[in-house]
Structures are given as structure tokens and as C-alpha cells.
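After this come two complexes, each holding chain A, first together with chain B and then together with chain C.
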Partner chain A sequence: MINHLPVLIIIVPLMGAILCPLISYYSPEWGKKTVIGALFASFVMSVMQLVNVAERGEPVHYWMGGWNPPYGIEFVIDGVNAVMIAMVAAIGAMTALFSSPFEEANPKHRFRSAGYYSILCFLAIGLLGMSSTGDAFNLYVFMEIVSLAGYGLIAIGEEKAPVAAFRYLLTGTIGACMYLMGVGFLYSATGTLNMADMAVRLQDVENMTVIIIAMACLVVGLGVKMALFPLHGWQPAAHSYAHHAADPMIAGIMIKIPAYAMFRFFFCIFDESLPMMGAVHKIVGVMAVCGILFGSLKALRYHKYNKILAYSSIGQVGYIALGFAIGNFYGIAGAVLHIVSHAFMKTGLFYTSAALKYKYHIEYTDDLGQVYRKMPVTSLTLVTLALSMVGLPPFAGFFSKWYLALGAIQNGQYFYVAVLVASSLLGAIYFFRIFEKLFMGEETEMEDRYPAAEHGGKELPLRIMIPLLMAAAMIIALGLGNSLVVDFIEKTVLEVFLA
Partner chain B sequence: MDKVKVIGVIVIIAGVITAGFVMGDFLPAIGDINSAPNGYLSVYYITNALHDTEAPNMVTAVLADYRGFDTLFETCVMFLAGVTTLMVLSSKRKVVKGKRNEHDLNGVSFGGTVLDTGFRIIIPVIVIYAFYVLSHGEISLGGGFQAGALLAIAYMIDRLIPSFQNSLGNFTEEAAAIIAGLGVFIYAFTGVLPMFNGGYFLEYDHLPFAFMTEEIVMLHSVGIFMIEAGVTVCVMGTIINILEVVLERTEFDD
Partner chain C sequence: MIIESLRPLAAVAVSLLAAVLIMICGNRVKPDVREGITLGAAVIKALLVFSMVPAVLAGNEYYCSPWEIVDGISLAFRTDAAGMVFACVASGLWIVTSIYSIGYMRGHHEKNQTGYFAAFAVCLSSAIGIAFAANLITFFIFYEMLTIATYPLVSHYRNDSAKASGRKYLAYTLISGQLFFAAIVTVYVKYGTLDFRAGGFIEAGSMGQTAMLLLFILMLGGGAVKSGLMPLHGWLPSAMVAPTPVSALLHAVAVVKAGAFCVLRIVWFVFGAESAAWCGGGRLLTWLAAATIILSSLIAMRKDNLKARLAYSTIGQLSYIILGIGILAPYSVTGAAFHIVAHAFLKITLFMCAGAIYVTTGLSEISTMGGLFKRMPVTCVCFTAASLGIAGLPLLAGFVSKMNIIRGAFMENKLFFVAVLVAAALFALSYLIPVVRIFFGKEISSPVINEGGEASPAMLVPIVITAVVSFILGVMPNAGPQLYNLAVMAAQGGGPIG
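Showing the complex of A and B:
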């Protein structure tokens, strides 16, 4: 079974997602449990795969249909994407568990929870596939699944959500088309779709125009998908109005995996020696710096909790792109660490946002006054994750920024270090404003929709509290164990990315 | 201000198109045997497809066998589109079901008496043709997607013409989504079966039907047929699903 792990991680949730409507027809409760169970199984298998990759010390290859690589599709699991897969599977399983109290609120529409869980599971499948695959076109197919699931989960959210979803649909389709065109141009130059094979055959290509056009298409296409400034237009609305329970996953990992794909393309497929590579790094660096400053400044303007988090995401995606622009070992390690740690931070912060909405329907930070007395667990998570976002040790956010700064100093790019520091200070301002409201603001009268007295003194259902605490625990664990993660990815980064 | 924007966009698009034409030679000419795509994978597929997969139609060989994993997820995209449409559109239900008056419907026609009668004759033919396209897909043109669309059209005609009174039965949109899900399940299950038999995912050589065929390669035909059937069911379910969701929002009796 161990050699089938790469595909089982995707097929088990797929079975859950397609059988969920059928099972829900007889019992919505069991349909829900099927998806949660499938995603947990996928998580367990992804951890087994992580251990397996660590023990083998070399990438695991899985050939779909037994066809050898350039002719068929293969999955390649190395040190970096094993970490990504475990992260996606963990957040997928946690979010599925987290959603279950939210979906109980609509008992009238029998298909409602079935459809929701099916789409959520497909979002996880698409992201898992995008991180596992070693085939450029297969990545597009999974990207399509991620986008469709994303449109659906955004559209079934709040009142303004359908418009946000439509906007994302238009922009996201352009992004996916640009990616597909980029892959098409590369295919015209190399005649292959397998990433490893493409990297080999690119060395003999003489026609450089087509490669440069392909690079431009890929930067724009993946940039739209990862909401990189100035291609971020769809992101704030989509992240603030999406379905409350699915929002953590949409905000947390839907924009990270395209960033990972960008790393795959520009470090594993394109060679350093290609013309324009330096220019691509500079352009992405400029986009990243603008994004970091723009996101952080814009977040200061809002009082709506979700909007603050969404704009802060634009800044944080900038950090990942900054690691790309730095491009040495510390830069890439910092970016990978930031993908993982920011995924848990943003997911956790959106969990707190959804929890506040679940209990008190709080949308604006002005209503947060003294909430910490009534919701201690949520507030504890919020404070932990926000401090990590600002970048205080010993939380994970500090260490990813630390590696990025190390990389920038090693390259002599002190401007990037200054941007990192400035953005951390801006982050401190907007998160400390939230703390001020939370701890010192005046208490507002709100209707409590989950009174603790009726539920054995618990502030929220356990299915909400466990993912909340898990996210906070993960951030502390990643912070304390950051050297383990960096050691784990070191070999792959040095051999595959920087070879 | 708006005019300036519109003109700007037009200028940019025109510029990109002109630049594309001027630099047009960066893409290989159509049919150029020396171009990279035509000299590498295509050569392998053309020489080996029949021998490897027993499918005379090379497109089917690539689509359903060499890159069958992509097609599985393209099928999932169909299913997902149906479920998403259902979730987004049926959240605000407007029309109460069962308000139609049976008595009125007999007089209402869809395309006039002649066309309605014509449709009555054409439905069984469409269904037969759908099965032909499904089973023939491996040999010549056709396949699961088209067969599913044909089956759905047969249902659609029956559903939309009031005087037929839904003689093929009336799916609810939930049932259609479940059927689409089962279609994907057939596909995925075909992929999982070889794994119990010592093969990779979707490796038709290891399907457990070896007793039925003389040569191992023939199992590829079985596998391709099974996944095409899955695609058919999924596409049919999805189209019916979307049709029912749309019909749900309005009372169609005109």
C-alpha cells in the first residue's frame, strides 16, 4: 500500500466527495461524516507519505496507468511538496470538521450540506493534486477543479458573495487561460508536458522568444491565482464574503498552492542560464514589494475584520514572492516555510472570524469590546496567531521572515530587508488595533446564539474549538520546530530547485 | 474618462494582436514535421498507440488511456459544475412545485403539432444513437461526453414539450446530481480496481477481467469502455441537473 500513497491521498477524498450526495440522500449526517472521514484518512496518509519520503531520502514517483513519464502522467513527491500535501490535507480535514456546526443551521434544504461538503472536498482534492503532480497540464486540470470549487464556495456565502464570486470567476478564468497558454507555448517549444522532461528539453531550445512569452504568461496566470499585486483585484471581496466555514480554507491555502506552482516552474523547469530569468526575478520582486506595502497599508483602512485579514493576505503573499525574487537557499526555504506557516495563521484567523460570527455575528472590530471574557479560547487563538503574523518569536511567522531576511542579506538586497521590517511594523499597528478593541474596548450588547450555560459552559461547539486550538498549536510547533522543517526541505531545495 | 479607458483597452488589445502577428513565427507552422511536438511524443503515440492500448482511434488512446487521469478530473469538473450550479441557483427557490394544471397542458405545444410529433419519433432514435456513439467511441469518433449529451438531449426534449407529460419520468435536480456522482464513481472505481490486482491506478492491464479476454491488451478495451460509460452517466446527470435547476426557477408552460 505504501507505494500507492501518492494517488490514494487524492482518490480517497474523491470517493468521499462523489458519494457524499448519494449518502446524504438517505442521511445528511452520514454524508457529512463520509467527507470528514475521507479527509482525515487523507491526512493520515499524507503524514505517512511525509515519513516515507524522509526515510527514502529521494523523490517518490507514481506512474498513472503504469505509463512511463513523458508518455503518461506521473506524480512526483519530493521533500518540498510532501510538506505542502501534508499541510493541505491537515487544513482540509480541520476545515471539514469546523464546517459541521455551520451546516447544521440549514436543515430545510436536504441537499445543502451534501453539496457544500462535496464542493469543499473537491477544493481539497484540487489543491492536493496541484501539489502532487509532475505534469504541467495535469496541474491545469487540478487548478480548474480548485477554481470551480472556489467559485462555488464563495458564491454561497453572504449577501454580496455572488458578485464577488462572479468577479473572481472572470479574473480567475483569465488567470487559468494565461497559465494554459504558457504551458501551450512551452509545449510548442519542447513537445512534452512532463515537468522534469521539459526541464531537460528546454536546454536545447534555440527559439528564445517563445520561452520568454511563456514566462510572462506563467507569471501573470499564476500571479492572478495567488493574488499577487497588482493582480489581486478579486481577492479582498472574495475572501471577505465567502461561506463562513469554507473561508478559512479559501483564504488559507487556495492562494498558496499557485505560489508553490510558480516556484516549481521557475526553479525546477526554467534554468538559471535562460535569458530574462534575472528580469523575471526583478519583476516579481517589484510586484512583491509593492504588494507587501499596499496590503499592509490598505489593511489599516478597514474596520471590518475579514477585510483586514484579506488585505493582510495580499501582503503575506508578497513575502512568498519576495522569497522567489531573492532566489537563494534561504530565500526559498523562507518562502516555503512562509507558505506553510501563513497557511496555518490565515486559516486560524479566519476560524476566529467565523467563530465570532457563529456566536455573536460580529463583523466589525468595533464590536469586539471585552469579547475575551466571553470567548477566551477564540481570543487566545486570535492573539497567538496575530502575534505570529506580526512576526514575534517564538511563533512561526517570525522564523519565515527571519530566513527571508537572511537570504536578502546574503544577496546584499538590503532594500528587501527594510521592506520586511516596515511591513512587520505596519502589521503590528493593525493587529494591535484589534487587540485594543478586544481588551480595552467597551462592551456592546449582542445576541448570544450559543449560550455557554445551555451547553455545559463551553463557549463554542467542540468541533469549532478543536480546529481553532489546532491552528494555534501548529503555529507554536512550527515556530519551535522551524529548523526541523528547514532541514527536511534542505536536500530537495538544494538538489532540485537550485541545481 | 470612460471613453479614454475604452480607447485605451482597444489600443492595448490591437497592439497585442499586431505584435502577435509581427512576431508570429515564434510558433511552429501547422504540420511541420521538424517541430518539437511533432517529433517527440506524437511519434511515440502514432507508432505505439494501437499496439499498447488496442484502441484504433489514437485520440481515444491518448485521452482515455495514456492521459486517462486527466480525463477523470475533467469528468469531475462536470460533476462539480452541476453541484455548484445547484447550490448557487437553488438557494432562492421561487416557484412552488406542482402548480401546473394537467388539463391545460394538453393544448400547449412546444413547436406546433408537426414538430411535436416529430420529436416523439426522434427520441428513441437519439437514445439508440447515444449508445452507438458510446460503444463506438473507441474505434472512431465519439465517446462518453457526446453520448452523455445525447442521452440528456433525449430527456430534455421529453421534459420541455408539455404534451409529452414527462413520459420518461421526472428527475429532481438532487437525483440528477447523485447520478452524475455515480458516473464519476464508475470512472474512479475502474481506476481503483487494478490496484487490488497489483497494478497502478488506471492500469487496465491489471483489471481483474483477464478470464474474459484472450490477450492482456484486450483489457484496455474493457477499461476504456468502462470509463467511457462512467463519463456518459456523469455528463447526462450533470446536464439534467442544470436543466432541472433552471426549470425550477420558473414555471414553464408556454
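Showing the complex of A and C:
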């Protein structure tokens, strides 16, 4: 079975997603359990795969149907994407668990819940596929699965959600097309879609114009998907109005895996010897810096909790892009670490947002006054994750910033360090403002929709509290154990520089 | 000799565990149990720290590095002499402050005591972490933890003025902290190490003079803010809105001392005397410190609020430490390290007196305290003794440290600073002695002074203990854990006193 792990990680949830509507027709409860079970199975397998990759010390190759590359589709699992897959599977499973109290509140239970879980599972499948594949076109296919699932999950959210979903549909399609065009240009120049093969054949390509156009298309295409400034237009609305329970996943990882794809193209397929690569890094650097500052400044303007988090994501995606722009080992290590740590941070913060809505329907930070007395677990998670977002030790956010700054100074890019510092301080302003409201604000009268007295003294259902605490625990673990992650990805990243 | 031992880590971890325990128990258990956890942790911590003193005095060091905290650098703790000085003061005074806190918080019927005691415990963990950190990244982690853990204490009352001073505190500390961070990364890239080394690891001439001065300023910004060096002192007086034990903690034990200790670590163990002198950073420090000493004394004289007056006195006294370090002579550094001890005991006595007066009589303005000796004789006597100590009178702890700093300044031929130090002693007398005169005056300015009696024993006992210790340290600086010898060792860069 261990040989088939790479594909099983995707097939199992795929079966779950397809079976869920069928089972739900007879029993919605079991339909839900199918999806949650499939995603947990996928998570367990992804951890096994992680261990396997670590033990082998070299990438695992899986040939779909036994067709060898470059003709068949290949999954390649190395140090970097083994981590990504485990992260996606973990957040997918946690979010599916987290969703159930939200879906129970739904009156049209049977069809609605079947659709919801199925689409949520497809979102996870798409992201898992994007991270696993070693084929540029296959990545596009999975990217479209992600986008379609994303449109659905955003559209079933709040009142304004359909508009946000439509907006994402338009920009997202353009982004996907740009990516596809980029891949098309590369295919025309190299005659292959397999990433490893493409990297080899690019060495002999003489027509550089095609490559440069392809690069531009890829930056724009992936930039839209990862909401990199100035291609972020769709993101704030989508993240603010999406389905409450699915939002953590949309905000946490839907924008991260395109960033991982950017790493694949920038460092594994293209390399430094290509002309204009330096310029591409600079352009991405400028986008990143503008995004970091724009996102942080914009977040200061809002009082709606989700909006603050959404704009903060634009800034944080900038951190990741900044790591790629720095482009040395520590820059990339910082970026990869930030993909993982920010995924857990943002997912966790959106969990807290959903939990606040679940219990008190709090949307604006002004209503947070004294909530910490009533929701201590949620508040504790919020504080931990927010401190990590600001980049304070000993939480994960500090250490990704450490590696990014280290990489930047090694390259003599002091300006980037200044931007990181400024962004931390701006982040401190909007997060400490939330703390002030939470701990020192005046209490507002709110209807408690989950009274602790009726539920054995629990502030929220366990299915909400466990994912919350898991996110906080992961941030502490990733912070204290960051050198393990860096060691794990070290070999893969270093190979980039040997090639 | 290096002794591999988990004791330094345990000393850091014990109060962190206590904080977690306090948070979990919260209001579910009786306050007695909750405070029992605090006291228990304080005693265990102090025992752990003091148990390491003899070996350190013999020239050994305990070392422990549990795991790699970032790629290539370990989270490492090492108990050198300088760290021991700070750790002994912080852990010893935590016991005293805890007892006092219990008396104060209950006497004053404060709210949110669970959060208060938890944050307090985290502060102490961070302080010990700062003391024992063996490299800059470990140091920075605990330094930032201290910043965050102090924030809820500063804004304890949660009203508008508490919020404002909390914001001010964060603005100062977070900005300087982030600059410190950038400087640490730069040092790591340029020099490939972050381990503290006696005499420093940054060599003079290894980068441009201006560049190194810039690095020096960025590195010391964090320390200068926390130790209230002018013009970065703004947060300290406004943090006075916090409960008095917090002020005592801020001013005497953890926060400002962590700042001063940071300056000592960076100047003496990262840059070293030679580089600090070469880039001009030492001179910058001494001039800023001298200006702070004079200006803060002048401001202190005009404050009628007792805590505000003490706050400005703290700013001035901390600059003594910085001045001692900035002079860059071993004697002055010894004096500076010992002043961490001396000022801690003296200032905590003063603050605890101010708090005791406030809780017992409700008075906070000096002009309303006329004749207080009649009602609170013990408190007034302790206050007087500590005041004289702050001014640097012989037989009290402040004298030992100040004499050493002056001696260092003489040896470096920096006569101007000798004059500053002497003038400052007179200034200190001039802002504290009037308070004492009012206490002992015949005229009774508030009717409350004729009622009731002394402060409650939970507050009075700590005050007497710290006052007596200040006296003992003034007569026998080497009493108990031989803190003076440790200070000498710190300045000489390790090795037993031979």
C-alpha cells in the first residue's frame, strides 16, 4: 500500500466526495461522516507519506497507470510538497469536523449538507492534487477543481456572497487562463508537460521570448490565485462573505497552494541561468512589498473582523512572495515555512471568527467587549494566533520572519527587512486593537445561541473547540520545532541551487 | 568548567508552568490555592537559582541547550556571573513581591487577579530566561515574551488611561524590539554566531565605523527603551496607572532591569569594550545617560504624586547603570552590575511603601502625607532608609555600586562623569528628603492619618525584608549569595575571583 500512497491520498477523499451525496439521500448524518472519515484517512496517509519521504531521503515518484513520464502523468513527492500535502489534509479534516455544527443549523438539511460536504471535500482534493502532481497541465486541472469548489463554497455564504463568488469567478477564470497560457507557451517551447522533463529541456530552448511570455503569464495567473497584490481584488470580499465554516479553509490554504506552485515554477522548472529570471524576482519582490504594506495598512481601516483578517492575508501572502523574490536558501525556507505557519494561523483565526458568529453572531470587533469571559478557549486561540501573526516569539510567525530576514540580509536586501519590520508593527496595531476590545471593551448585550449552561458548561461544541485548539497547538509546535521543518525541506530546496 | 544541567531550564520553566496552572485553575479554585501556586513557584525558582550560585562563584557555568530553535542555532541557557546577578535579584524579589501582591491586591479588592498573577509569573520566567540566555536569539525570545507579558499588567485597570498607557508601552517596546530583531539578524549574517562571549565577538574595524554605530544603536534601542533612557523613557511614567506591585515589578525587578541587563549583555558580551569605544557607541551611551540622570532628577523634584516621583527617580537610577556600562571600565561595569542589585532592593522598598500608604490610607500625593509617621512608623522608617540608599549614602547598598562607578570613571579620566554622579547623588537627596521631612513633620495634612494603624502584615513584612537586605548589602556586599563577587566576575569576564 505504501507504494500507492501518493494517489490514495487523493482517491480516498475523491470516493468520499462522490459517495457523500448518494449516502446523504438515505442518511445525511452518514454522508457527513463519509467525508470526514475520508479526509481523516487522507490525513493519516499523508503523515505516513511524510515519514516515508523522510526515511527514503529522496523523492517518491508515482506513475499514474504505470505510464512512465514524460508521457504519463506523474506524482512527485519530495520534501517540500510532502509537508504541503500533510498540511492540506490536516486542515481539510479539521475543517470538515468544524463544519458539522454549522450545517446542523440548516433547515433544508439533506441536500444542502450533502452538497456542502461534497464540495468541501472537492476543495481538499483539488489542493492535494495541486501539491502532489509533477505535471504542469495536471496542476491546471486540479486548480480548476479548487476554483469550482471555491466558487460554490463562497456563493453559499452570507447575503453578499453570490456577488463575491461571481467576482472571484471572473478574476479566477482569467487567472486560470493565464496559467494555462503560460503552460501552453512552455509546452510549445519544450514539447513536454512533465515538470522535471521541462526543466531539463528548457536548457536547450533558444527562443527566449516564448519563455519570457510564459513567465509573465505564470506570474499573473498564479498571482491572481494567491491574491498577490495588485491581483488581489477578488479576495477580501470572498474571504469575508464565504460560508462561515468553509471560510477557514478558503482563507487558510486556497491561496497558499498556488504560492507553492509558484515555488515549483520559479525554482524547480526555471533556474537562475535563464535571462530575465532576476527581473522576474525583482518584479515579484515589488509586488510582495506593495502587498505587504497595502494589506497591513488596509486592515487598519476595518472594524469587521473578517475584513481585517482578509486584508492581513494579502500582506502575509506578500511575505511568501518576498521569500521567492529573495530567492536564496533561507528566503525559500522562510517562504515555505510561512506557507505552512500562515495556513494554520489564518485557518485558526477564521475558526475563531466562525466560532464568534456561531455563539453570538459577532461580526464587528466593536462587539467583542469582554467576550473572553464567555469564550475563554476561543479567546486564548485568538491571542496565540494573533501574536504569531504579528511575528512575536516563540510562535511560528516569528520564525518564518526570521528566515526571511536572514535570507534578505544575506543578499544585502536591507529594504526587505525594513518592510518586514514595518509590517510586523502594523500588524501589532490591528491585532492589539482587537485585544483591547476583547479584554477591555465594554460588554454588549448579545443573544447566546449556545448557552454553556445547557451544554455541560462548554462554551462551544467540541467539534468546534478541538479544531480551534489544534490550530493554536500547531502554531506553538511549528514555532518551537521550526528547525525540524527546515531540515526536512532542506534537501529539496538545496537541490534547486545545485541544478 | 561547563556543567551540563537542566537546572537553568527548570528555573525558567517553573514559573511558566505556574502561569499555565493559574490560568487553568482561574477563578475555579479559592484565591488561597491560586496564590499558593504563585508562592510555591517563586520559592522553587529561587531555590533553583540560588543552588547554582556556589558553582558559578567557583568559576563554573551551568549549560543547557534543549533543542535547535532555528536552523543552526540552539535554544541555549548558560549561567555566567552576569546572568546570575540578575537571576538572583529577580527570583529573590519575586517571593517578596508575591507576598506583597497578595496583601495589596486583596487589600485593594482588585479585579482580574487571575490574569494578574499569571502574567506576573510569565514576566518572571522571561526575566530568568533573559538572565540565562546564552545567545542572542534565546535572549530575544524571552525579551519579547517579557514585553507581551507586561502589557496586561500595565493596562490592568482596563479603563481609558490604562489603555492609553498600554498602547504607549507597546509602541515603545515593540518598535524597539523589531529594530533589535533586524540588528540580531544582521549580526548573525555578518559574524556567523550569536553566542555571548565575555569581551564580545564583534571586532573593531570589522565593518565601517558609521555602520557599526548604527548597528550598536539598533541593538541597544530595545535595552534603552526598557531601561527608560531619555529620550526613550516616555512609557515609564505613564505606566504608573498600573497597580503598585506592578510598578514595583516594572521598576525594580523585571522590566527596567531587563533593559539595563540587555545593555550590559550587548555592550560587554556582544560588542566588547574595544568595539564599543571604537564605533563611538560607548560615548553616546554615557552622554545620554548623564543627561538622563540630571533631567530626570529635575523632573522628579516637581512631581507631587509619590509614584510619579519614584518613576522619574527610577529613570535616573537606571541611567547610572547605563553610565557605568558606557564608561567601559571594569570597575564601572562592576558598579553597574551591582547597581542592578542595589537599586532593585532600594526601589522596590520605596514602591512597596508607596503602595502600602495608598492601600492603607488612600493617599497618593506627597503634599497630603504630612505627619504620616504617626500612623505608619515602620513604613516611614523603611522609606527613609531606602531614600538615603538611593542617594548613595554609605552603609546602604547604593553606596557600593556608585563608588565603583565613580572609581571606574576616575580611572578612565572621565572627570565630567564623576561630577555628574556626585551631583546626581545630591539631586536624589533633594527629591527624596523632602518626602521624608513631610512624613516626619508635625503638621498633619489629612484626617485619615489620625485613624487606623499600619499596613497589613502581608505588605509590611516584605517592606521590612527588602529594607533590611538593602542595609545588609550596604555593609557586607558579599553577604548571602556573594552578589558583589558575581558582579566583579561579570565585569572581568568570568573566572573565579583569585
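Note that the second predicted complex is superposed on the first by the 494 of 499 C-alpha atoms of A that agree within 3 Å, B and C clash if a C-alpha of one lies under 4 Å from a C-alpha of the other, contacts with A are read in each partner's own complex, and residues count from 1 in each chain.
The rule we apply is simple: a residue touches a chain if its C-beta (ideal position, glycine included) is under 8 Å from a C-beta of that chain, and two chains touch if they have at least 3 such contacts.
Quick caveat: nothing in here was measured; it's all calculated off a predicted structure.
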Worksheet item: Who does A:Q203 touch here: chain B (first), chain C (second), both, or neither?
Response: neither
Worksheet item: Is A:S27 contacted by the first partner chain B, the second partner chain C, both or neither?
Response: neither
Item to complete: For A:S424, select first, second, both or neither according to whether it touches chain B, chain C, the two together, or no partner.
Response: second
Practice prompt. Based on the superposed arrangement, let me know which partner A:N68 touches: chain B (first), chain C (second), both, or neither?
Written response: neither
Worksheet item: Who does A:Y116 touch here: chain B (first), chain C (second), both, or neither?
Response: first
Worksheet item: With both structures placed on chain A, which of the two partners, chain B or chain C, ends up touching more residues of chain A?
Response: B
Worksheet entry | Doubly contacted residues of chain A, that is, touched by chain B and again by chain C | none
Worksheet entry | Contacting residues of chain A [partner chain C, same complex] | 330, 333, 387, 392-394, 398-399, 401-403, 405-406, 409-410, 417-418, 420-421, 424-425, 428, 432, 436, 439-440, 480-483, 486-487, 490
Item to complete: Sort out for me which residues of chain A touch chain B in the complex.
Response: 4, 7, 11, 14-15, 18-22, 25, 62-67, 70-73, 109-112, 115-116, 118-119, 122, 125, 129, 137-138, 141-142, 144-145, 148-149, 151-152, 155-156, 162, 165, 185, 187-193, 201, 205, 207, 209-210, 213
Fill in: Complex interface listing, chain C residues touching chain A
67-71, 137, 140-141, 144-145, 148, 152, 155, 158, 162-163, 166-167, 170, 174-175, 178-179, 181-182, 185-186, 188-189
Worksheet item: Contact residues on chain B for chain A in the complex?
Response: 23, 26-28, 35-42, 44-45, 65-70, 73-74, 76-77, 79-81, 83-84, 86-88, 90-91, 173-175, 177-178, 181-182, 184-185, 188, 191-192, 195, 199-206
